[in-house]
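What follows is a group of structures, each given as structure tokens.
Next, two complexes with chain A in common: one pairs it with chain B, the other with chain C.
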Partner chain A sequence: MTTFLRIYLLALFGFVFLPIVVSLLFSFNSDRFPTLPMSGFTTIWYETIFADPDFWRAARNSLIVSSCTAVIATFLGFCTAYTDYRYTFRGKSLFLAIILLPPTIPLIIIALAMLAWFAPVGMSGQVWSIIAAHTVLTAPFAMAIIRLRLNQIDESLEAAAWNLGASEWRAMREVILPFTRPAILSSLFLTAAVSFDEFTVAWFVSGLNKTLPVHVLEIVQGTIDPQVNAIGTLVFGISITLVVISQLLIFFRLQREAA
Partner chain B sequence: MTEPLVTFERVEKRFDDFVAVKGATLDIGAGEFVAIMGPSGCGKTTTLRMLAGLDAPTSGTIRIAGQVMNDVPAHERDTPMVWQSLALFPFLNARENVEFGLKMRGVGVSERRQRAMTWLDRMEIAEFAERNVETLSGGQRQRVALARALVTEPKLLLLDEPLSALDAHLVIRMQSVLSRLQRELGITFVYVTHSQSEAFAMADRVVIMSQGEIAQVGTPREVYRAPRSRFVAEFVGRNNILPGEVVASHQGMVSVQTPLGTFNVQGDAAPGTSASIVVAADMMQVGGGENRLTATVISEEFVGSMVTAFLEASDGTELKVQVQERALADLGLETGREVSLGWNTADGHLLVDETP
Partner chain C sequence: MRRLNAYALTFRLPIIIWQALFFIGPLIFVVAMSFFVVKNYRMVETFELTSWAKMISRDYVWSAYRYTLVMAGSAAAIASILAFPAAWFLAFRCSARARQVALLLLIVPFFTSYLVRTFSWYTILAEAGVLNGGFALFGLGPFKMLNTPFGTLVGYLTLVLPLVMILQTVTMANIDTRLVQAARNLGCTPARTIWSVILPAGKTGFVIAALFAFILSFGDFVAPFYLGGSNPPTMPILIIDTTKAGQQWPRAAVVAVMMMLTLFSIAFAAIVYSYRKRASR
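The block that comes next holds the complex of A and B.
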């Protein structure tokens, strides 16, 4: 059984990562067409994209969008997670259902809805319209990560801070924030990664302010160009780094607590 | 008692339909060690939380040092608490935990560090000052929690079952630490516990609560020897309760007829009243006493040098006798044997049933 599971796991990872590895390999291949055997090593595709002002514009947009999204989504996620942890009120389950709804809606529907909503109010095609859309998409992830952390808190901890002379805001700063810090950092990295990668919604609402994934699509639509492999490799590299940092933050925290 | 430090005046606390504390009236003197005890859900913790300002009374008045506290928020009181879970801040080391209350009061860095170290030293854990609290043992964490609560030099310390997470041998050690600390500091301790032995070992007075009401207040001796209700008599344990009916009353002495016989007891009650006779297990004698009955030994329970023997009378009433372990064999308290039990009339206690 374990042998079977091992093979299954290998196959699974193979299907997920092989295309990415192939893309990485061909980003260094001197031939324009992705055929085997590879013709020779080159960094020309990277040089091409680094020389392209469109790439830099898209990269800058992606960076702004993902970092702003991460901060806003994590802030909102923290607020909702804390509200859920601390308070009970009428309609709380409805409140939570609405907050956690976005990931269950197909991206294309959200994208169309965003466009339909942004266009008439004149918010379409701006960098911050992508930020707004991505915040809606990623805030539920932030909420989930931080809520999980708050699950582990000893409920007396906050009351102990009040008892020792901390006002509610002070207790939030001195106890709740330090306690949830690993989750907050983890959420920042994860939401940044999701936003950095996200294509569908960005494509609909970005207009002329393309992000990197949108830029990639536009190249692909024109020609077969190994630049795409190079950009893809860079985007993947950044995203996976963010996700890995996010996971490590959770993992080390759990390990330290288990010790 | 001079001016009491804490007064409860007809204090009531409701959570929606549930009444956690009903009409509690109680004075606690300055420098007194008071234990509030009772089974879980009796309202003892709610009473403590109201003192700390973590729950607000629904009605009635709570005063501390003469000042009405009902609407004073928790962080503006000086009523530190030692929590059942200890509630140490896991992201701070031992010294930083102790400094917390001083930091909140705006005490400068060097002064609060020095005061925290003084307390850690006093609690004999100065060497662990820079250690993460999660790496400390249960007893050490307990001492950090105490130092953290006492560092602001309060007049009133609240303790919510602080020893419930410790091993039995540590409980005994911490009891003597707490008793000594309370005597040396001369401040008021309000100690909530479900454990009779903890309460009796340390407290000047105990408050016994049942279903939100104060059932009895008194010294451990008073509560033990003269329970005012059947609930108290059962709760303090090690009591034999013989229910019956008063059949005669004469000059401060009544006769109570029970299924096991008619016995005399000091007290005053009209004939026809339903009442019980309470005899503490350590007042029961084997083969002696002015009031006698017979019972069969069921089992024995060792508590160090003392043994509690459990017996069953002819009608199924469970009886307890506490004797010295070394006297056990001489008394013939062997499982399955029928023995004669008795007690002197002066050692019995009359309990008149409350009218329902």
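The block that comes next holds the complex of A and C.
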């Protein structure tokens, strides 16, 4: 029974990781049409994308969008998490709902909504409108990460700071912010990674300012092109690096606290 | 209750304004837009039922609606059933450390592009693709997997299976193990333990996992488009077609509102069901 379940579990993991592995392998495959057995090893697909100005423009847009999104979404998430942690007030659940709901609405609907909302005011096709949409989509994740960290704080710490004469602002700066710093960092990386991969809303709203996933979407619409595998592998490498860095930051921080 | 001061408002107001501008506003606008009309290629802001009448009377809209419901429902059901034995194994038969590693691995797909994974499936499932190449070694195939509902389902599962596995594992790992042991001691077979103890105890988690799988599949256009060949189209593909090709934004808005109403009713029903207490005896 246990052996059977172990094999079953491996099979499911196989299903989940098969497309990732295939994409990685075929990004180095010299044949244009991916099939078994594989043909020779090549780096030509990477050379193609590096030589493509469209790729660099899209990569730059993606970098701008994801870093601005990360900062704004983390700020919004922090404010919500802190408000939820410290205050009770009428309409609080409504307040939390308007920031936590976006992930439950299909992206295609948000995409249509953003396109129609921005078009009359001339914001459609701007990088800023992608950022605005992405902050709404990613802020709930920031809120969750920071709220979990605030769960661990001793509530009397902030009160102690007030009793010792610190203003609310000073207590925020010297007690709450340092305590939540690892969560803030981790939230920056996570929201950046989510924004970096999002293509539905970006596709509808971006116009000429394509982001990297929109660039991929347009290649895919044409033909089978192993460039996509190369871009996918590159982006995967960058995202995983960001996530690992964020996890290491938390890990070392917690270790230092324990010491 | 503390007095409302500038400090408290600093953390509250930016969010309310931001979400009103970029979330609530656009959503309300979509609902309003479904009542607008297009005249001479320009959208006119009025209140007419033209687009609703047009869309609701079309058969292809309803067949797309039924197809999307069935496919997303199947994806949620299949993902829940496939994930369960694995999640059960991870929750009850693995060390905490192995479980953590497995959960970590399951998070990895979220940091790869879903688009690239779909493209990868495209090359795997194609007529001359990786899988048929493998079958050919045994003298089998080629099988037609692309541009079929099967292809669409593979795409949906790629999207939702890791999430469902994570949610189910966490749900079962949080069930009080003493309950499970008690059932054992009272002579329950493993199957009975799952049916009478684990499923009821983790009901909320299982329902939420299936609900998320449904919502994600229902709104996804990539799998039905690239792996299902838009044949037949799903609701998200209708939105893309009417927006990108036809400039018929009000009609796309009608489809969007139909989708939202469906999702809200299903989510509401699921949440009511999962939090409902058992009748007391």
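Here is the rule we use: the second predicted complex is superposed on the first by the 234 of 259 C-alpha atoms of A that agree within 3 Å, B and C clash if a C-alpha of one lies under 4 Å from a C-alpha of the other, contacts with A are read in each partner's own complex, and residues count from 1 in each chain.
Keep in mind that, in the parts below, a residue touches a chain if its C-beta (ideal position, glycine included) is under 8 Å from a C-beta of that chain, and two chains touch if they have at least 3 such contacts.
All values derive from a computational prediction rather than experimental measurement.
Three-chain overlay on chain A, with chain B and chain C fitting side by side and no clash.
Of the two partner chains placed by superposition, A:249 touches none, neither chain B nor chain C. Using the contact criterion defined above for the overlaid structures, shared-chain residue A:49 touches neither chain B nor chain C, since it reaches no partner.
In the superposition on chain A, contact is made by A:165 with chain B only, not with chain C. By the touch criterion defined above, A:184 reaches neither chain B nor chain C. When the two complexes are overlaid on their common chain A, residue A:65 makes contact with neither chain B nor chain C. After overlaying the two complexes on the shared chain, residue contacts for A:146 are found with neither chain B nor chain C. Comparing chain B with chain C, the partner in contact with more residues of chain A is C.
Of the two partner chains placed around the shared chain by superposition, neither chain B nor chain C is touched by A:202. Rounded to the nearest 10, the superposed model shows the Cα centres of chain B and chain C diverging by 100 degrees about the centre of chain A. Of the two partner chains placed by superposition, only chain C is touched by A:136; chain B is not. Put simply, the nearest alpha carbons of chain B and chain C end up 8 Å apart when the two models share chain A. Across the superposed pair, chain B and chain C both touch chain A at residues 168.
Looking at the complex, you find that chain A touches chain C at residues 2, 5-6, 8-9, 12-13, 15-20, 22-23, 26, 33-37, 75-76, 79-80, 82-83, 87-89, 95, 98-99, 101-102, 104-110, 112-117, 132-133, 135-136, 168-169, 193, 197, 199-200, 204, 213, 216-217, 220, 224, 228-229, 231-232, 235-236, 239-240, 243. Those residues of chain C that touch chain A in the shared complex are 1-2, 4-5, 7-8, 10-12, 14-16, 18-27, 29-30, 33, 82-83, 85-86, 88-90, 93, 102, 105-106, 108-109, 111-124, 126, 128-130, 133-134, 137, 157-158, 161-162, 165, 215-216, 218-221, 226, 236, 239-240, 243, 249, 252-253, 256, 259-260, 263, 267. Contact residues of chain B toward chain A in the complex are 52-54, 73-76, 78-81, 83-85, 87, 89-92, 100-101, 103-105, 134, 148-149, 152. Interface of chain A with chain B (complex): residues 154, 156-157, 159-168, 170-171, 174-175, 178-179, 181, 257.
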